């Protein structure tokens, strides 16, 4: 397993946000994490990244226990993050934002050029200050920045948010491409259909717990179940 | 901002002049309250010299003088056959610590006398405590006119010339030589204010015309605004009553900006520790002093040699006026003890009041006397200026005149009202 | 009227020099607040320490007791001054690192603990200075080239002030270039903006903080060295330095580089002008300014939210 | 007339409008709900209603009196109490001390510097009664910091109740609670609704739909829908969502 | 007063402190110290308790409280010189003036907390400091206000002289007894509970209907008034009022003292802190000039590892020996174990 | 108020350029249209095409290089900056808030003529099917329209139901591509535009089917 989460419980201060969440991702597997607002999806990602470490349970990445590891060590072990609010450094240029993200891990490394191939608009944005980017442009920078960090697992939080359909398709193609390169992706999405379309498996969360798990195709095809769980 | 932010309140290590005797800092075992065997009990003198704060440098300089006098006396077999010991505590140049140090010296260390002061505020605080207990206290180096005036005490004797003495010596000379357009700078505390007032009065008497007056907060480090003011006003003479580190900084900035020759500076007094190390050109302007180590008078050379033998590694290689004042004051105290045959405060005070001291003995030009009404030592005041042709690298000053004590007598001393003997507790630690 | 303004000119120059130095001083202070949300009350002591190290490296009686240093002291003043400008901040940076390591225990707690700890550190540093160099005033010897004054029109100008102003300006420019044109600067800016994201990108935040603290301390030291001939060098000179730094930050806003520079200039001007026209109250002006500024300005900073928030 | 009415509330922070023309009415002895997605302005709305922020425009009336812009303490004295989303207990105090401090009679003696609070049997008894009501009997002398999370939530409500309010505002009371604790909480709210008018902010729709008599949906700082749970549920999108499915 | 009532007013640690301080003049010289030191300790204990009322109980870090000690001292002297040379009137004058000025400052800063509060107090204190140093006609400037008399205790029929340190000490001790008993009462009264609640969570207190600003204002003013009393006693001890104690340095040192003692968690923290500080100064100071350096380092270590100070160490020690506070209840401290 | 259009974007041009000496235009937006009556307008367009800039120009937070924007007949850039949202209000996502410098102080400007916003611009509202808020949102848009206001809705349709929503609720459409606007009275007309089909990519295939 690339990532294995066993029964973690996470708190913000004293507020419990996760009540025993377990999930796993194999190398090269794309997994969707779905659920309504406030279900604990983002918290799950933050726990993996060590930003809000899980108080109980265990997280294992690439053969190492990372439950209590420092965020930068987790990142260097090969986990990349595309946060839902992009978290671009606004006073820096696009080029600098990307440069900051560059690092080597044991996984495949990516070049800026490859990023230009994925997001064609990116190239001429390079000298711009990120403050002046539109939301979609920021999202491209955020995804590229995560990939330049040579991750073995990418955590994508709402990557399609604010992106034009064409670009969402590019993103989803990128996800497929990552998969083909053996890189695992954990996809948190509101747009369940496009997410499920590229995913192998899916988890549905609610109230800080996993309420459903199974193959993505099953959710995609079983309309009543999908409707019950996701409303679409 | 203020150099009055001081701190260390400490007994800086008590030292005993008598070799080998362990000092008592703590513990009941060293308490000796039985005065019966007075004849062999050491005479203990509390030293209240500053070691931190604005006047730390000067405090250490006068400490060298007082200790030298004690050690010389001990070398001659002590006083009345008794050893002389000293206990020194840092007063931090703050009145608050001065009070506590005095309380401790008197009530815990049971000293017979206290010696040492630079800053008038601290000296006042100490003398109040001294007066309360009746302990004789020598103010060695505080030259605020109030020390022997408004704030005089029966137990306190003031050994330095006052700011007014120095002003009187300098003012007439300066008006004749430089002109009547005067500007006044002074440190904004009692010494500066009173000295400045005295200078102004004297100058006005001689016909000077005050164009401006600037109070400088204690602890000022950036004098550029003031120097610009001087440049704008273009006075003939700047009369400055600025002391300690403030003065040091100001002088440095004045000479850096090339304002040290025109206008003429009247610096009231330049204490040796404040000039030493800056080179002869830092001692600009005209100023008063009570002593100089290159005076061509009997005993001076010998004194300097003894100082150098005793303090070979000190940063200040020759004694200055501050060390001198400490030395002669302590020497006189020990003599008086010898003469009166004991340490009884009343006898000592009476012996000091009106006491005459010969010029030769004090290494000065004129005889000196302790004014019985103000307890202020009336002594020769030298007018000096920076030496253009120094004989050696310690020769900063060129002595211009030697004013006799009567001609520079301070009017502020007239204000002094000493406590009666009846109001002064008798004090004798045996 | 013309005379008045001509007379004002040197005071204004004074204000500019002072202001630029305040800006330099507070930029280091701001960097530390920005990245680790600590109000470093020891900033002033680091400033003082910088000046003392420089004194040590400049003059024989500055406290270096080593005989083997004699060859070094025989160097002309200018190279020694340059060495002092480089080595002293480096030494102070090491001290800053030590302080940062102590501070680690306070991260994530009430910012008051950081304040108290740096307050204690300020006291300790001041005591250490007193123990090593004694309580007396020192003067930083300067190369001849930047001493003295010159006349322009009817007024006198200090060479050193002009040097200080130019030097501070150059340092501010270099700092700006460092922060905006180098990858290290980019990481610092990124860390100040969003330390969490920086961690997730694989940067060791502890090491970044250590570096930034050292860097801020070095800036304080540089400001201390340049300020030394103006303010003198004494153990508690640090108190005089940390208050303007704070006023500047509150005025200019945390995280706003040019805000700090312009606020520094404003504060310098206020201090210089009060010294010119209300000499007795010049030392008070800083505190009145602090009171006024905090009363009216503490909310609605130009910069980001931080530990400064009340 | 409704017990509590807010009319045309506006609030902006710097350049941003956070409340735009909010009009709400809460009927006496009902449970009213406010829901909306994250960042919709629910909590700001709550803060304006309970006096933490002053609205830029608009009016808040309680029991016929205008309480717009009054500071929190004055609003509290009108009989309006609130709980907090981030728990705001006095951690260094025991459960009982937390409650006692909130009693109006103790508040009236607040400036007394000699009165002995620990020896005031009346206050202690009333405090204990409130504790019993929220299910914390027996924990009187436990420091608040040592209580379990659910107990702390209950104490949070207890503090609000101790003030004997006519109206109680609860800010996301279920946040951080598991499903069992949520059920306990719902029971507690059902119990206290007998004596007090309640307004709940919640993003847990199911919780709210089960409890509330009327619900207002807030988004973009505005009331985008309101009605009884049934009328709201009538919306086709709601029915299609998992709320509809679960409800 | 019934026994229960007495118990509410006095507790075992309080009685121990009365016993120790009450007999101090009789044994202080025997342990090699001197009366004046005891006097200073007593006065600083009162001052530190006043500071802790803000810092420890209300969570308001006043970094400029030395100013109020100084104001009390000056006011005492000025009342004595200009109004009436009577001890009671002068003491009243000192307390009243300090309270009024403190109230004025408090009005400015009571809506703040944390770092801004600290900085505002620094600024205000520095302004007082400069005024005191500049207004030479009134305060004597850098030299201080001299010749402040230790006025006799006027009991109507009889007068007791307090010229000796021994007698003055007992006046200070009497003040201490009153202040400690009053303050103990205060922190356990509703008022004390409210201010402590403000420290823990001020917005919640506001929503309970309390006027937080007013409480903060009152406690600040009260603390200033007590500081003013300490200042008046200090003026008598010193027979003068000097500017130095108004400096930032002293204001900071008193914070150090309170924290090292454990003011955050214990009523008695400031008392322990003052004893620790003065003993360290007189004993350690005799051996090393750098004693303040060691004191500062101790403080830093405390902030890092044991912000609860000496009182915290004491409590840990108690806990180690298994004496939980539930077992015996002689000292219902504002026990915040586990709180921070 | 019958004659004044609700929104008039009059020959507005906005250019951004880079470089100090050798200025290069990096972005150029031109818009000229007017909407007379209350309604719901759908806006679509690729990332960086200028939608957000257009919204900023309409709400007066960004200044046009040329031209003017009239909301209810009032030039929005002549209205006090703290009252511009009384005319046109922009609901953006928090990470998109950009800060612009104010050109002129408020006292030199005019107050707004209305008390509540007449033009509502919704920038990518989150349509999450799982919590059911969409329904309330759509009702709200309609309610605003019925109250006589103009609703401008910018959505990136990423799921088939997004297209459904747009088709269902919007009464006319604006498509922005590389700084140029094209209008369409209904959805089918909009789909005629090859740029639109390119923009929608695979989605449109599903839609047509």
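When the chains are written out, they are named A, B, C, D, E and F in that same order, and each has its own residue count from 1.
Convention: a residue touches a chain if its C-beta (ideal position, glycine included) is under 8 Å from a C-beta of that chain, and two chains touch if they have at least 3 such contacts.
Owing to the predicted nature of the structure, the values given are computational and were not obtained by experimental measurement.
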Graph separation of chain C and chain F (steps between touching chains): 2
Centroid comparison with chain D (C-alpha atoms), farthest chain: B
Centre-most chain, if every chain is reduced to its averaged C-alpha atoms: C
Inter-chain centre distance, chain A versus chain F - centres from mean C-alpha coordinates, in Å: 30
Chain C and chain D: spacing of chain centres that average the CA atoms, whole Å: 49
Centre-of-Cα separation between chain B and chain A, whole angstrom: 78
Between chain F and chain D, distance of the C-alpha-averaged centres to the nearest whole Å: 38
Residues of chain D whose C-beta touches two or more other chains: 37, 237, 240-242, 244
Per-residue overlap in chain F, given as positions that touch at least 2 other chains: 94, 126, 128-132
Two or more partner chains touched - positions in chain C: 236, 239, 280, 283
Chains touching one another, given as label pairs in label order: A-C, A-D, A-F, B-C, B-E, C-E, D-E, D-F
Chain E residues within the chain B interface of the complex: 29-37, 40, 126, 129-130, 133-134, 136, 140-144, 146-147, 163, 165, 237-240, 242-245, 247-249, 253, 281-283, 285-287, 289, 291-292
Chain A partner contacts - residues on chain C that touch it in the complex: 183, 186-187, 189-190, 193-194, 196-205
Residues of chain D touching chain F in the complex: 12, 15-17, 20-21, 36-37, 39, 205, 217, 219-220, 222, 224-225, 232, 235-244
Complex contacts: residues of chain F adjacent to chain A: 16, 18, 26, 45-48, 51-53, 93-96, 98, 124, 126-132, 156-161, 198-203
In the complex with chain E, residue positions of chain D that touch it: 50, 52, 71-74, 76-77, 81-82, 84, 88-93, 97, 101-102, 104, 106-107, 109-119, 143, 145-146, 159, 163
